[in-house]
Amino acid sequence: MAQTDVKGDRSLRPHEQRDPDLYVRIVERNKDGIIVSGAKVHTTQSIAANEIIFIPTRNMTEKDADYSVAFAIPANTRGLKLISRPMKGVESALKDPSFIMGRRNVENETLTILDNVFVPWERVFLAGEWQFAGAMAVMFPTYHRFTAISYRAAMADLMIGLAKLLAEANGVDNKSHIRRDIVNLIRYKETLRASAIAAAYEAQKDNNTGIVVPNIIMTNIGKLLANTEYTNAIQNLVDVAGGLAATVPTLQDFENPEIRGYLHKYLVGKDTPALERAKYFMLLKELLSSFGALFTTAMIHAEGSIEASYIELYRSYKYDGSKKLAKYAAGLEDTL
Amino acid sequence: MAQTDVKGDRSLRPHEQRDPDLYVRIVERNKDGIIVSGAKVHTTQSIAANEIIFIPTRNMTEKDADYSVAFAIPANTRGLKLISRPMKGVESALKDPSFIMGRRNVENETLTILDNVFVPWERVFLAGEWQFAGAMAVMFPTYHRFTAISYRAAMADLMIGLAKLLAEANGVDNKSHIRRDIVNLIRYKETLRASAIAAAYEAQKDNNTGIVVPNIIMTNIGKLLANTEYTNAIQNLVDVAGGLAATVPTLQDFENPEIRGYLHKYLVGKDTPALERAKYFMLLKELLSSFGALFTTAMIHAEGSIEASYIELYRSYKYDGSKKLAKYAAGLEDTL
Amino acid sequence: MAQTDVKGDRSLRPHEQRDPDLYVRIVERNKDGIIVSGAKVHTTQSIAANEIIFIPTRNMTEKDADYSVAFAIPANTRGLKLISRPMKGVESALKDPSFIMGRRNVENETLTILDNVFVPWERVFLAGEWQFAGAMAVMFPTYHRFTAISYRAAMADLMIGLAKLLAEANGVDNKSHIRRDIVNLIRYKETLRASAIAAAYEAQKDNNTGIVVPNIIMTNIGKLLANTEYTNAIQNLVDVAGGLAATVPTLQDFENPEIRGYLHKYLVGKDTPALERAKYFMLLKELLSSFGALFTTAMIHAEGSIEASYIELYRSYKYDGSKKLAKYAAGLEDTL
Amino acid sequence: MAQTDVKGDRSLRPHEQRDPDLYVRIVERNKDGIIVSGAKVHTTQSIAANEIIFIPTRNMTEKDADYSVAFAIPANTRGLKLISRPMKGVESALKDPSFIMGRRNVENETLTILDNVFVPWERVFLAGEWQFAGAMAVMFPTYHRFTAISYRAAMADLMIGLAKLLAEANGVDNKSHIRRDIVNLIRYKETLRASAIAAAYEAQKDNNTGIVVPNIIMTNIGKLLANTEYTNAIQNLVDVAGGLAATVPTLQDFENPEIRGYLHKYLVGKDTPALERAKYFMLLKELLSSFGALFTTAMIHAEGSIEASYIELYRSYKYDGSKKLAKYAAGLEDTL
């Protein structure tokens, strides 16, 4: 799913940009289909997909009609270019046994270029109907954010486990401030899970199509919490761990006969051998460094920014009941 | 339900206190029943109850056996004294038309004294079985906290309505920082509601009794959010409102023929008559002043303190799955 | 000093309001002076002043020229009305011995009306020179905010003392979460004090007049901290105190021969007689209730709102050095 | 300066550890000097030092007398081993032109081993005088934390510059939420600077030695702010930047003739060429990934943990004035 346009100067609408291609657009229409140009960023796992779906990134005005375009094309379509980001740290980590997580299942993102790509009419969903661009732009994120609050709870579970193991290995498991940190991680995870449960429980069914949509308020509440509290969770985790998160020796050092004796002797924890404890720190180091840019950015921006959730919540919330309650409490209405 | 003992020096256990009565205790046992002395604080709505139930406030050790006591007695039992707190601001507000909310349905709390009260055996639930005191002390709060996350969502709804009406009356409804404040109130309410839904959805059934208990993790997560985020919600609400929350003239001023003309002219808002706008500010003033001590304290302490939720969450959370995940990610286990 | 206009619909400029008097304005000019009308809110301690000074509340455009007006008049000028706010809780507290702080030195605010008031030219500072309205509107707040970060540190000192006394009286002085609360209060106070010291240390001297102005960045940093962190400080204080902040019996109860025995027995703390401990709770109750609307609102809005400090800091900060550093670090400039 | 012992099980004192070497200790005393063993972690820049100074990491009891040891030795002393941490990401970045900051001036930390090292008496400062271990352990951090609040303000300056350049390049410089983010970065920097100024301004002179010590309260307040607010600052910076912080193409891609045309066309910003804008994102990516583990951990732990500042502030603050003020306000004392 390719949605986010490159956008150029974000203070301008699509048709106002200096270069008309800074949002994906229809360059030409003919009896067989349309020809499109432009570029999308942050297209996740596109290199493993057979089909790439393109949808608008925002609502459109009449002047942006040529930018109101949605379609699906095979990944090997002529003119479609996937510029894959070699995730620096992760790539080098492939050869480094200290980095375990990064060895497999690593995410990949592309800058996705459409260089005068032809799309036949049977694969076009939207072509100029600017009134529907906004609805299409919002519909996908609701599902996407619902997946976010689900997978992020799983990520938070990893953080809880790592924090608990480190606290035990450090022998600080019963310290009040360490317990607070760990409960804050539990809180991070369980608020996401609670919002996911509530979003599913209060899902809305579309009567025309029978499609069930996750509750938009609960989904965005969970998303907002996930985005704004992630850096706090990182602080909790690093606070539990201590400085070895930065300075833990490498796995190669543990194999070096000259120094491994020192490492096994001095990095020992409470009821925890040095190498086991070191591996917990290596995992944390990996989360903070090789994966740092990806995780931190993704937790704040992926599936929509903080501001996007604020905007969505402000406009979707139904204020009538709340206002009625306040008017009653203020003595302006006699009944509730 | 009378649970919280007066506690004296909180660093000491019940039997260690200078005065043995600082936790409710059995003074004497005889063939007909027990005689109890002591005092409970914060007993909500006891003056409207027919029966008062007393339960322990904490876990007990063998030496605290006489403090491991639970029973129910009629409110007019000899030796039972309810020292009712006249809620100062609220009481005076009864005569003041500016204070609307406080005129009815006002909560009342008592200091509840047991002065050598006799309780017949058929009304005694616990008398010395110290091993069960802790379980009894924890059981009630889980239900109590489940009510908390429910009623507080309703209170938050009032705050949302009041904030929205004030923002519209001030003509600042479309300002970015005002929208953030209002969404933060929505977030406060909906996270409580999400945790209540999840606590009910994942309720646990006791197989022996068939009793259904709200999920303890979800209940305490909601409670923790309710306690720690309330003062932020107050900041959001006051930030939207502006300084008239403190300096709004009284309703009597609006009836004073010499000055009411000025008030109707100068306190007008956007599409909002001065008196309507002033009433919103009067309601906010009431929330912050007459109700201030009650609401602020209750939102931080009622149904258990912040620390109580931290302790409960730390000990109730099941860490096994989280640890297994972290060990797998650290390369210490091969399968998930 | 009367600065804040009533403003009506805040999304409109002065000259756009439905009623032309919603910002103080020049109604008429003649050879002897000007005639002004309008109203200012939140005029602190005006009832104790001999002279009231009026200045603009914001920058002005050419069309707002009649609103670009500043002058000083005696408090007994014809047409000047001070509508004093009887601070409800505080006023009733004057007769209640439980409320100590409110018995003296209580602040008073007025709604300050100008009903066709004549101001002779020798008392007019600004009359139509709209280009200077903004500078005048900003100049006073810098001094005003400098006083704010000073007096608020003193208020925070009271909160620290009260928290420490309550922690000791409750016997929880050595609990980790209580110590955190108290240190957070110390942090609140000392960050204000640090910003006040730095604002004075880096004060800017105006070369034309020799007037020394507190450093505008440091002053607004301190102000922003004071506004945004006050409700957290309240949470810290109430968290230390416990539920008696709401439910402490009154001083009259302590004088009632029927019940005072119970109170002296049961409200005792660690090495602290019941009445002394109760008085700490009464002070806290007073801060949260009678003074609640005043203190909470003032800490968030007085001397300028949170948003006002954000706007001032964003436009006053000198970004050149920061940008140069970032360009060097990004490899876009070779020298620092 | 080598201070932090490896500590093993942190819930045990030095003499209680399973392996007696888990804190640096005196193994033997003779007429010429002492023989010491043990290990210190996080020894910054030791590989560039001529002399390494060792001091205790904590206060000691009589049973820990052999651990109460301080001395200075040349870096090439027999038995002293510096196990240097190759900072993974940074190391590989040396060969990668996309990583600019990491090419020079990179910090290095060692695990510092003492394997039966002989120290002559003239280089020994403390050898068994356990009463002074605590004072020595605390003295250094006060200076060290004073440097921390100074250098971290400079780091925050880099973050401000980068955020402002990214906001301008993205064309979102005037958005309310972006301005808030940037002001929050300014707030982070300026509160550190204010505490540094105040710590110097209120420095304390030791009368015996004439040595001037930075004010301990102000230093630790600044340190506490620096530690607890860093992850918020990262959130502010990433929120301004957007998703390219994770997915920006590499510099090699900009040199690849097949795709560089697309990059120059599509990554263009507002009045900012694509390559310049990409370099800002590369710098941010470097901060978040290669430097991620170092920076995040150091900002939370270096020069002492969050809890260390809480403990120091709680015990160093003088409560007398604050308590007197609270007693006066509670009506328990008649004069201030």
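Here are a few things to note about the model shown:
First chain written, first letter: the chains are A, B, C and D, and each begins at residue 1.
Please note the rule applied: contacts are C-beta pairs under 8 Å (C-beta built on N, C-alpha and C of every residue); 3 or more make two chains touch, one makes a residue touch a chain.
Being a predicted model, the structure only gives us computed values, none of them experimental.
Legend: contact pairs of C-D compared by residue number with A-C, B-C or A-B; the interface matching in over half of them is A-B. Using CA-based centroids throughout, the chain positioned farthest away from chain B is D.
More C-beta pairs touch across one of B-D and A-D than the other; that pair is A-D. Distance from the chain A centre to the chain D centre is 30 Å, each centre being the mean of its Cα atoms. The mean-CA centres of chain B and chain D are about 41 angstrom from one another, to the nearest whole unit. Each chain gets one centre point, the mean of its Cα atoms, and the points for chain A and chain B are 36 Å apart.
In chain B, the residues touching two or more other chains are 175, 177, 180, 310.
Residues 175-177, 180 of chain D are the ones touching chain B in the complex. Taken in their complex, chain D has these residues touching chain C: 100-101, 154, 157-158, 160-162, 164-165, 179-180, 182-183, 186-187, 190-191, 193-195, 197-199, 201-202, 217-218, 221-222, 224-225, 276, 279-280, 282-283, 310-311, 313-314, 317, 319, 321-327, 329-332. Contact residues of chain D toward chain A in the complex are 4, 6-12, 19, 21-22, 39, 41-42, 81, 83, 85-86, 88-89, 92-93, 96, 98-99, 109, 111, 113, 115, 170-172, 174-175, 177, 228, 230-232, 234-235, 238-239, 241-250, 253, 259, 262-263, 265-271, 284-285, 288-294, 296-298, 300-302, 305-307, 310.
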